[in-house]
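To keep things simple, chains are lettered A, B, C and D as they appear, and every chain counts its residues starting from 1.
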Amino acid sequence: MPQNDDDTLRTYSYLGPRGTFTEAALAQVPEAQGQHWRSVNNVGEAISDVATGVSFGAVVAVENSTDGGVTAVQDALATTPGLRIQGEYLVPVDFSVVARRGVTLADVRMLNAHPVAYGQCRTWIDANLPNHSHIPVTSNVAAAANLLESDVADAAVAPPNITDHYDLEVLAEHIGDNSNAVTRFALVTMSRSIPEPTGADKTSFVADLPSDQPGALLDMLEQLSTRGVNMSMIQSRPIGDALGRYRFVIDIDGHIRDERVADALMGIRRFSPKVTFLGSYPRADKAQIQFDARYNDDVYIEARDWLRGLLSGEPGLEQ
Amino acid sequence: MPQNDDDTLRTYSYLGPRGTFTEAALAQVPEAQGQHWRSVNNVGEAISDVATGVSFGAVVAVENSTDGGVTAVQDALATTPGLRIQGEYLVPVDFSVVARRGVTLADVRMLNAHPVAYGQCRTWIDANLPNHSHIPVTSNVAAAANLLESDVADAAVAPPNITDHYDLEVLAEHIGDNSNAVTRFALVTMSRSIPEPTGADKTSFVADLPSDQPGALLDMLEQLSTRGVNMSMIQSRPIGDALGRYRFVIDIDGHIRDERVADALMGIRRFSPKVTFLGSYPRADKAQIQFDARYNDDVYIEARDWLRGLLSGEPGLEQ
Amino acid sequence: MPQNDDDTLRTYSYLGPRGTFTEAALAQVPEAQGQHWRSVNNVGEAISDVATGVSFGAVVAVENSTDGGVTAVQDALATTPGLRIQGEYLVPVDFSVVARRGVTLADVRMLNAHPVAYGQCRTWIDANLPNHSHIPVTSNVAAAANLLESDVADAAVAPPNITDHYDLEVLAEHIGDNSNAVTRFALVTMSRSIPEPTGADKTSFVADLPSDQPGALLDMLEQLSTRGVNMSMIQSRPIGDALGRYRFVIDIDGHIRDERVADALMGIRRFSPKVTFLGSYPRADKAQIQFDARYNDDVYIEARDWLRGLLSGEPGLEQ
Amino acid sequence: MPQNDDDTLRTYSYLGPRGTFTEAALAQVPEAQGQHWRSVNNVGEAISDVATGVSFGAVVAVENSTDGGVTAVQDALATTPGLRIQGEYLVPVDFSVVARRGVTLADVRMLNAHPVAYGQCRTWIDANLPNHSHIPVTSNVAAAANLLESDVADAAVAPPNITDHYDLEVLAEHIGDNSNAVTRFALVTMSRSIPEPTGADKTSFVADLPSDQPGALLDMLEQLSTRGVNMSMIQSRPIGDALGRYRFVIDIDGHIRDERVADALMGIRRFSPKVTFLGSYPRADKAQIQFDARYNDDVYIEARDWLRGLLSGEPGLEQ
């Protein structure tokens, strides 16, 4: 993982410091290997780097993150013109208890932990450290790093790879309450090129709801359902100008070059006062998209040919 | 109204004999004036004339007729390949009581009437002819014509223009229970040319429901509602191969050259195992179609351009 | 099949004469066996018999009949107060060719047939009687009976049991184009008692659409779909006071004593300006109703108890 | 605003310290006046106080807050059994620039501001303090309080009432970008009593989506739309056990004692694997709820009586 400033390298921003879950996500991005990785302090800065050209790309958490910042990311994606998601990466939500060399579990009285991480490991902590006190810290990495700067805390809840970066010992592993939890990350750039369809794709967009229509969300979702398009994620966000006005960040199955997805996006575009296309890209889990055969590309093409035949008035085209 | 057999004239079939409501509809068809009018015995024959080239066009009742035959017409439209509706005409459902010269209302004991017409005039008849007996006859014209062939009946319920064709006297006019009732007629031909949009158009089609999907009708109607397309008529008809299988004859507001209508038709085409386009044509009532501005042609065009911009990857096209 | 006038017997009206498909349906009604069967000339008369107390019940075709009259029945059910369907019966649409004794197929030149029956046997007739002429007659029984009154026709298309009633010979059997076709009949009475649920039930009702709401049909059907209620039949009928106003005759799976059906009926009742409940009764095919477990009675009961708990304010009831 | 520990007083927790927007919301709660106000460090603590009985009630931000914590509140409401919202309060999002006595705008080089507040005042700040540096701080009150502890910063972005609590001067007022922005707060308690309907009520609940049904959100929203129930707020939250599983925090117009709302809640209860009723309470804006007359209480009552009449079999009840 080179970090030199060679101008021929592309820069990728990530929420640092080294050791965060976001860095673990960046390590999964093939095109970022051997390039310049830029550690920043928050996701707003990472996205700003991309928008202003400081970095070519950024990896940011978009769902279920314990590093925090997900709604900030969604708002940034919705409001920063030109951003596009180029890829998706999953990082397991996995925590260890780490301590300075020589400290044992039985010694732990004061425990550094980011509040979200603390909440996600509560079952293990209550069972194994019944007499501990919790010191909230601002990040998972800071929880660990702080142990080397001060001896107020005895141990820390930290990401599993933290010992690659800090001289600490692991006292316990896999202490999360939910062993299936993952955080979803996206690679965002300003490039307008869209990755080719793979059959296992996802498309993301942000759409404002019309403000004056009751049942507007229902109507908007019908734009998807009437094309057999499945929604894998929906997140409402206040637009911010008045209470009761929402935009939705939505992930759907499929690629903009799939007929049913293109048709659904046009439906959304007609319906919503403001739509921002965030990209079509391969799914991290590479799961092939399943959908009813009646939404196949050839069904769309046949219907378009049928209409064209009707409009041309030529016999024989229509049946 | 010439009826010679000059080969240069076009032939139009209609449910006769002269004096029927269907003939009154044909009299409203501008292009049929001065052409050859062919009286036939039932609507099946009229449609068959068009399909086989015996006639250029036919005028047939498509809704609410007292001449009967509406479901037969709908089934014929659904199953005869190539038929197209070119125009729509309304004829008020209006009845008179007619009798041989010299007969007065007070004389009427036996009353000829088609059963449907009889039902539609029941209020007037019960009030004004309390002691009559009803003789059911097979058509409205036959009710009147029969008075000149036999003196069993004293009077007949008949269309208002019947005295143009038979030497009878009118004893009472406008005796229908519902003064707003009209019958809707269509001009059908085999021509594939579609009348130009007027802003006051109607589009007709027949669509089979997929047989194995619960909620299929709901799904099909959503193809219309998600494009803001209003439905002015719907008629279910058994497909005929098994109980529980239906096709629907549907009229919608707008013209196939309207973007929202074209898009809805493609949606129906993709959804339904069998769709037959029956035509786009000016409404008889010339009422301009009202629809939400968000379904305007330019909204469709803008969405298509937006999608094209996204797919091309060129900057500046998308916003 | 007794037909005496003993006052202790109940009278059942049916579209006669003897030998019709309707009579075959009446023969399937257990409670009508050994009672008085009254042959009438049309379905309107049959229904009127029940409404006026002349008969206790009537058997009438409600779908896909070749005896005709289905829309008349649906209109009568919609407009005659107090009618209830008590049972459903299926009769195969099956035709024979019958002739006077001594006539063979090779002799047949003139063929009596009701136009609908003629249409339903067209494939066989075209293949086996290529040189015949068709004489339209007013009913399937009349087609046969007429052979004994006049020798104009050589043979007739008739129901299979016609030879029980007329001294005719069968020249060919099962000549219908579609061997699966059936006609559905209903037993209607003025009794307000509802047959007990069997798990294989059907519920029928008629509902007017609100006239001033676009998308009204869609909204009404959602009252069913949001309760997981499947629709097995839908028939639109003009209300008759103006073009564009419809009522719908609808059959749904399940019994009014099923929670999901009762809830759907209340939803329809609230939605529609006029709803007429036509009855819940066992299906002729005895097929058990399948529906998603989340619409089980106990789910409805649990939700009602939950709401009651919330409203009572008592702890412990709500979870 | 007494803050003694008299045991006869009720305790209300709020996100402190004194001077926060949350405190301004608490000041609007009539029943909290003259009671014990308990300042806590985060909303999780406020809610925990209520759940454990430390406090009778808590005021927490539920939408659009600049004090932060909204998603934490929504998650706490979704997962803490027994919590109920008793009232709603709006606080304008309004900021001032404050400084130590003697400092003028021209002196400001270093500016303390919570990052969210900083973002919401960016237009004013960029125009009026073009050469400033931003020091992020952890809360709006801390931004101001810190000025009295250290002279690193020259001024702070703070709530307008901050000068009631700190000896600071106001350099500028109403510097927010959006003068209409408000934060919505809720009073939560463990009381199971539901405030009486006022005609201007709101009902809140949390519902999990079934995980294995495509289109599930659409189906759930139809439970509202088919009862004419308008949704004023929807917020998706990950359930947390796996990606792609969501619960929704929803506010609807109306009161659980309104028939249409009760019916919709039962529909949601049947649909969703887990529903938590959060309360019915008067809207802060006192705006009377508008809804279509066909969802009136009496329409529901009539439909229920109609069904009861049908099931009883007694004549005369049903029409």
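Criterion: a contact is a pair of C-beta atoms (placed from the backbone, for glycine too) under 8 Å apart; a residue touches a chain by one contact, two chains touch by 3 or more.
Computed from a prediction, not measured in an experiment: that's the story for all the values here.
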Repeat of the A-B interface, chosen from C-D, B-C or A-D (over half of contact pairs identical by residue number): C-D
Subunit A and subunit D, separation of their C-alpha mean positions in angstrom: 26
Approximate Å spacing (C-alpha centroids) for the pair subunit B, subunit D: 58
Residues of subunit A engaged with two or more neighbouring chains: 222, 225
Graph class of chain-chain contacts, one of line, ring, star, complete, other: ring
Parts of subunit C lying in touch with subunit D, wherever the complex brings them together: 81, 192-194, 219, 222-223, 225-226, 256-257, 262, 265-267, 269-271, 277, 294-295, 299-300, 302-304, 306-307, 310-311, 313-315, 318-319
Subunit C-facing residues of subunit B, complex: 44, 63-64, 71, 90, 178, 180-182, 184, 214-215, 217-218, 221-222, 225, 230-236, 238, 240-244, 246
